[in-house]
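So that you can tell them apart, the chains are marked A, B, C and D in the order they are listed, and the count of residues begins at 1 in each.
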Amino acid sequence: MDALDIDAVDEADLDEPVLIEGLPGVGHVGKLAADHILEELEAETTLVRRIYSQEFPPQVSVDGGVTSLTCASVHAVTPETGRDMLVLTGDHQAQTNEGHYVLTDAFLDVAESFDVSELYALGGVPTGELIDEYAVLGAVNNESMLEDLEDIGVEFRDDEPAGGIVGVSGLLLGLGERRSIDATCLMGETSGYLVDPMSARAVLEILEERLEIDLEYESLDERAEEMKDVMGKIQEMENQQQSMEVPSDDDLRYIG
Amino acid sequence: MDALDIDAVDEADLDEPVLIEGLPGVGHVGKLAADHILEELEAETTLVRRIYSQEFPPQVSVDGGVTSLTCASVHAVTPETGRDMLVLTGDHQAQTNEGHYVLTDAFLDVAESFDVSELYALGGVPTGELIDEYAVLGAVNNESMLEDLEDIGVEFRDDEPAGGIVGVSGLLLGLGERRSIDATCLMGETSGYLVDPMSARAVLEILEERLEIDLEYESLDERAEEMKDVMGKIQEMENQQQSMEVPSDDDLRYIG
Amino acid sequence: MDALDIDAVDEADLDEPVLIEGLPGVGHVGKLAADHILEELEAETTLVRRIYSQEFPPQVSVDGGVTSLTCASVHAVTPETGRDMLVLTGDHQAQTNEGHYVLTDAFLDVAESFDVSELYALGGVPTGELIDEYAVLGAVNNESMLEDLEDIGVEFRDDEPAGGIVGVSGLLLGLGERRSIDATCLMGETSGYLVDPMSARAVLEILEERLEIDLEYESLDERAEEMKDVMGKIQEMENQQQSMEVPSDDDLRYIG
Amino acid sequence: MDALDIDAVDEADLDEPVLIEGLPGVGHVGKLAADHILEELEAETTLVRRIYSQEFPPQVSVDGGVTSLTCASVHAVTPETGRDMLVLTGDHQAQTNEGHYVLTDAFLDVAESFDVSELYALGGVPTGELIDEYAVLGAVNNESMLEDLEDIGVEFRDDEPAGGIVGVSGLLLGLGERRSIDATCLMGETSGYLVDPMSARAVLEILEERLEIDLEYESLDERAEEMKDVMGKIQEMENQQQSMEVPSDDDLRYIG
């Protein structure tokens, strides 16, 4: 294998597609959202590219005794209503700083080969508290996009996210700008304690409006119900412990 | 030295050989098993390749005052009965994520130069408990191999090993698939506390059946006897301490 | 993006310019000083280069919802009195040892493209104590410069800084010497507990004399006043705790 | 600067020279020994090469306010009696595993450019105890050298050093063998607690006999006297604490 291999699994004829990125991260919000699009629009979906790289962890996953080499996948989605999409998902992020640059450039190469000029990086932003109303924070690499996004409910706050946006989502905006791709990061608020299907739904509802697509949420809502039990237990613990501090990065444990 | 050097020490004429990998890992199961094949079939064995790499730790071993540079070795084995083999062993793994990819590709290059189209990665899977009956878990990179392996006693379990297979063994399956090499990982259950000759024997007995080779186990059984004393002491400690937690990776200390 | 990209944002016609470096470091002294030059001489300042690199952390900063990819910036400054300057600033250092070499070489390439033959690396040196009189320590890569710098108040001490000068500031002197660029490191003494505008002023006053430029200090003094409140609280704590040890690198927390 | 730069500072006409390596390590034994040769034979010594590399830490040392970029140095020594030598010294080791390979290859390139076919890597081996009689352990990359070295007092023990020889010293033997250079590692026993001039002297006395050179030891003995005071204090502590465990790598603190 070369340091980076892009396998062309299939081709698709797309009309001005947007790239949607949903790799693992805070609350698995981005990954849940991207996976949900692929599930709901399965009939209109084709796997088109697999990206293998020495920047991924050196491992295979095992499903029913059969292994798969770690990779990122790009699916082409042509929904009946709304914009065509390329959806980028995977189980792993790059393992080094440099690796984030290398992989993001590879992802943008794939996007450009499908004439993508607009992309959405999906993720979560941790609040350290359990959440009732799920706001969606935004960041854009082109100021002219701010107003339209605010009109459909995306919140832009002065100093958030503090410390900027790290990893592939951040670099898709930063390196995307250098390629003249309009890029938006949509970050669902999430406690940071749990895999958060409700936060993923909040992000997807923004995306539905933005791309004029239609999604059902039954499966995501079911998963949210399962999470509520876990949340209930956490709140009990919270009440008992009186005060509960915001977890550090190392403390975050996702329960899926 | 280049970043990677493959020294052709000797040549061998092999008939449809399989590659057997046994590098250090959990319980040293894979390494014990590979070393045992080389010992038992010493008369039919030739050292054919040495692989040096900057991905190995920067050190020499010392034996009787004479040094040897860290490397991996490939021996050709032509047993009287059963399949010809290339046996890959060594004292070290790569030191970085990227290094695992680089070395595995080098190992597969060597394998292909001998027309290998089938390989077996040997290792251990930690259970955290002392073991009475040694099961052998399997994983394959080609679903069509499952049934034959189950027939000879290999167990395939739904979610095991949890977290997939990491390192050279995992990548031999993952990168092997990309080269159309049928690859199987055979993992002997082992406590994880000790070098485990009994687990190595369990793995080798599967391999004997699969490759129709014949092995004696006297030396391995002797080593297992030595280990039993150590195990006895651990069980005493276990009784005294009442409960004994599964050790973390850092806690694992092999006693050989 | 390539591993390193130097964007030519604009050009400037400079007369024997000196390079001033002020990246983040101890007490943020260097960065405060460089930023202050750019603020005070804003009317005579042009952004000329942006340096992007995979050696920087993989992230964007967010300001009012709009992202900027991590980079270092070089501004050309042509003050009414005194030497022309190239001022190098940024929010991040390289993330690896090798990265410091790569970035410093890139910075020197930019400097040489503007015919720079003299440079000043600005920084802080931690004392572990709150400071009344801010001395400025110096180091040069060409012994012939020592006397002139001593004459304007720079202190050269036998064994300071102990352990040498690490990172971009150190390499600007070391790699600068290999390119025949006369380089000076000016290090303001600072407690190491706080962002230290007074230490930055001490460094700038040396630079004013050396380059015959004129700077006002109102904004820096205001910031120093804000810091005094914080210092007051630290001294209270110091009195209460009786003895306060010199903080380790990990303990240093800058409050800006 | 390139990733690795070898500066030819001067040339020297050497007759079958041997390479002597003395970089920092356990007890600073190797570095003390190499520096001592350069001091004692200063009149017959010429600095011939400086090796700069991105594998070294990114820093300059400061002496009297004047900086020097981290590098390794090679001096040519043509003593009145005995073998000509190239002496390799420096203040730093490589910072990564791969860096040890890269630098060792560079050192061997320099050695070969002077027609070196024999080398001595000097170092210390920690015993964890204060030492009365300083044995010198050996390791060779060519079995034929064992007997001659044993005859002049070098000890070869079956399993020492346990874990092999790590870093540049080990690789000089391992990579040297691949270039057909006869290489010997001479390791003076040392407690591991202190910079150990007596251990360096023990190593040098072996080298004197081997290379038929003559060295005085006044300066090294003086330094040893200074160390005795420190040792005295350690022994007092030892008596007070009754039992003193062997220090881990992290606990080793050299006092120079």
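Here is the rule we go by: a residue touches a chain if its C-beta (ideal position, glycine included) is under 8 Å from a C-beta of that chain, and two chains touch if they have at least 3 such contacts.
Which protein is which chain? UniProt says A, B, C, D = Proteasome assembly chaperone family protein.
On a predicted model such as this, the values are computed, not experimentally measured, just so you know.
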item: Relative to subunit B, chain with the most remote C-alpha centre; value: C
item: Residue-number overlap at the subunit A/subunit C interface, same or different (half cut); value: different
item: Distance from the mean Cα position of subunit C to that of subunit B, given in whole angstrom; value: 53
item: Chain centre separation (subunit B, subunit D; CA means) in Å; value: 38
item: Subunit D residues counted as touching two or more neighbouring chains; value: none
item: Contact pairs between chains, per stated definition; value: A-B, A-C, B-D, C-D
item: Residue ranges of subunit D in contact with subunit B within the complex; value: 97-98, 100-102, 104-105, 138-143, 146, 156-158, 160-161, 163-168, 170-171, 173-175, 177-178, 185
item: Subunit D partner contacts - residues on subunit B that touch it in the complex; value: 1, 5, 52, 54-62, 64-70, 95-96
